[in-house]
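One structure below.
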Amino acid sequence: MIKVQTDDFDIATLYQQLTNNELNPHGYGAIVTFVGKVRDFNQQQQVAAMALEHYPGMTEKSLEEIIVQAKARWPIGEPIIIHRVGELLPGDQIVYIGVASAHRKAAFEACEFLIDYLKIKAPFWKKEQTDSGYQWVDARETDQSAANKWAKQ
Amino acid sequence: MIKVQTDDFDIATLYQQLTNNELNPHGYGAIVTFVGKVRDFNQQQQVAAMALEHYPGMTEKSLEEIIVQAKARWPIGEPIIIHRVGELLPGDQIVYIGVASAHRKAAFEACEFLIDYLKIKAPFWKKEQTDSGYQWVDARETDQSAANKWAKQ
Amino acid sequence: MLTIVFFAQTREIINQGSLSLEFTPAFKDLETLRQHLASKGDKWDLALQKDKLLVAVNQQMSDWNTEVKDGDEVAFFPPVTGG
Amino acid sequence: MLTIVFFAQTREIINQGSLSLEFTPAFKDLETLRQHLASKGDKWDLALQKDKLLVAVNQQMSDWNTEVKDGDEVAFFPPVTGG
């Protein structure tokens, strides 16, 4: 399941959707989730607010594509990816990734793969408001190297 | 925070405890959680129920010890570990591990480290009820090898 | 016709979110198209500097030597920063 | 005195959860203590087979050559299977 939305999300509801479905009542004994939140500092500057822009259509396509890759690579159920756009405040939830599997290693790896690939492949852009005004967040080299570790050996 | 309890746990409450504390309102932008549940099959046999025994006192000590190790190794906040004991049914939640960090890689690694070490170091034992009666669950070689991967290089 | 869209800094610098462009065979690939747009003025040249620019064709990340076809939706934007 | 406790299969086989044992210097290490207990009968010998047995002293996982001291709490149990 993929959702790009301005509204906040509720992790308890998502957890139910991830695990309690009729097709798979108890088979998936391992559930790994990741939540990313807005931090209040970036590069020594206090962040007062954030705006998230995206490329409608391509966003969903790119998330579907990385889910296809994850499912081809690990024995997991249908993951959930929720990503918010629009205006956000420090402490607000930005992104949710949930993965269920019969194997905890697969659930951990697939969940980390999904957020690592989302970070470099999904067309979202963050703009932060600090004392010096709005500024676009720079892409980080560490995000590229985090994704590179999933390159098939 | 460590709890060994017969009662079920609520992941939404634990998530709040992990992230919304006064000492650290927004600093930890990455939250990784793991939940383990009772599966309904083990070694081709349908599991009707499970009983979890533990060594009171040593259980808490061993969990505190692996939390100390995780905090020495990764820049994370205080993790939460909840483990249930007593009678459980297929689909029931058994264990919760929650880790918050400013860095998602640290949060993923510390969370996986905690469950991997719990699996080989914390004195819990599972007994499953199947058609052929109760039987103790065998320790798995894969749990030992999962823990071995965290040995310092 | 080609539909060209811009996002984030790229959009802000040229102060324009999209435009339509008559397709001509002269647009051999995305690099030719980029150069054509960059020549529209100083701000366009600045916005379309190649060192921190990504390009997508029909909502798929693409390389600069990808062929341009009539009807394509081409997007220019900086490296992504979601998550 | 030593307090000896047993868990899971180990406890079930001997059908006993704990016992107290007068400490003597003859219990040089945990291996000596294990052998002493195993000699109490067939079920004890079976329960305390070393190949799938762990031992903890004062609630810390220990090695078989760990010294035994008066007042110790010694626990015997199979490999753990929680989580």
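Order as written gives the chain letters A, B, C and D; numbering starts at 1 within each chain.
Here, a contact is a pair of C-beta atoms (placed from the backbone, for glycine too) under 8 Å apart; a residue touches a chain by one contact, two chains touch by 3 or more.
Quick caveat: nothing in here was measured; it's all calculated off a predicted structure.
Novice: How many links in the shortest chain of touching chains run from subunit A to subunit C?
Specialist: Contact-graph shortest path, subunit A to subunit C, evaluates to 1.
Novice: Show which chains lie in contact with subunit B and also with subunit D.
Specialist: none
Novice: Let me have the rounded angstrom distance from the C-alpha centre of subunit A over to the C-alpha centre of subunit B, please.
Specialist: 23
Novice: Could you give the separation in Å between the centres of subunit C and subunit D, each centre being the mean of its C-alpha atoms?
Specialist: Whole-Å distance between the two chain centres: 72.
Novice: CA centre of subunit A versus CA centre of subunit D: separation in Å?
Specialist: Here subunit A and subunit D have centroids separated by 48 Å.
Novice: For subunit D, write out the residues touching at least two other chains, lowest number first.
Specialist: Residues of subunit D never touch two or more of the other chains.
Novice: Could you pull out the residues of subunit A that touch at least 2 other chains?
Specialist: 36, 115
Novice: Tell me, which pairs of chains are in touch?
Specialist: Inter-chain contacts occur between A-B, A-C, B-D.
Novice: State the interface residues of subunit A toward subunit C in the complex, per the touch definition above.
Specialist: For subunit A paired with subunit C, touching residues are 36, 52-55, 57-58, 61-62, 83, 94-95, 115, 118-127, 136-140, 143.
Novice: Where on subunit C is subunit A touching in the complex?
Specialist: So the residues of subunit C in touch with subunit A come to 5, 7-9, 52, 56, 59-61, 75, 77-83.
Novice: Taking the touch rule as given, give the residues of subunit A at its contact with subunit B in the complex, in rising order.
Specialist: Interface residues on subunit A, with respect to subunit B: 10-12, 15, 19, 25-41, 90-91, 102, 104-105, 107-108, 111-112, 115, 146.
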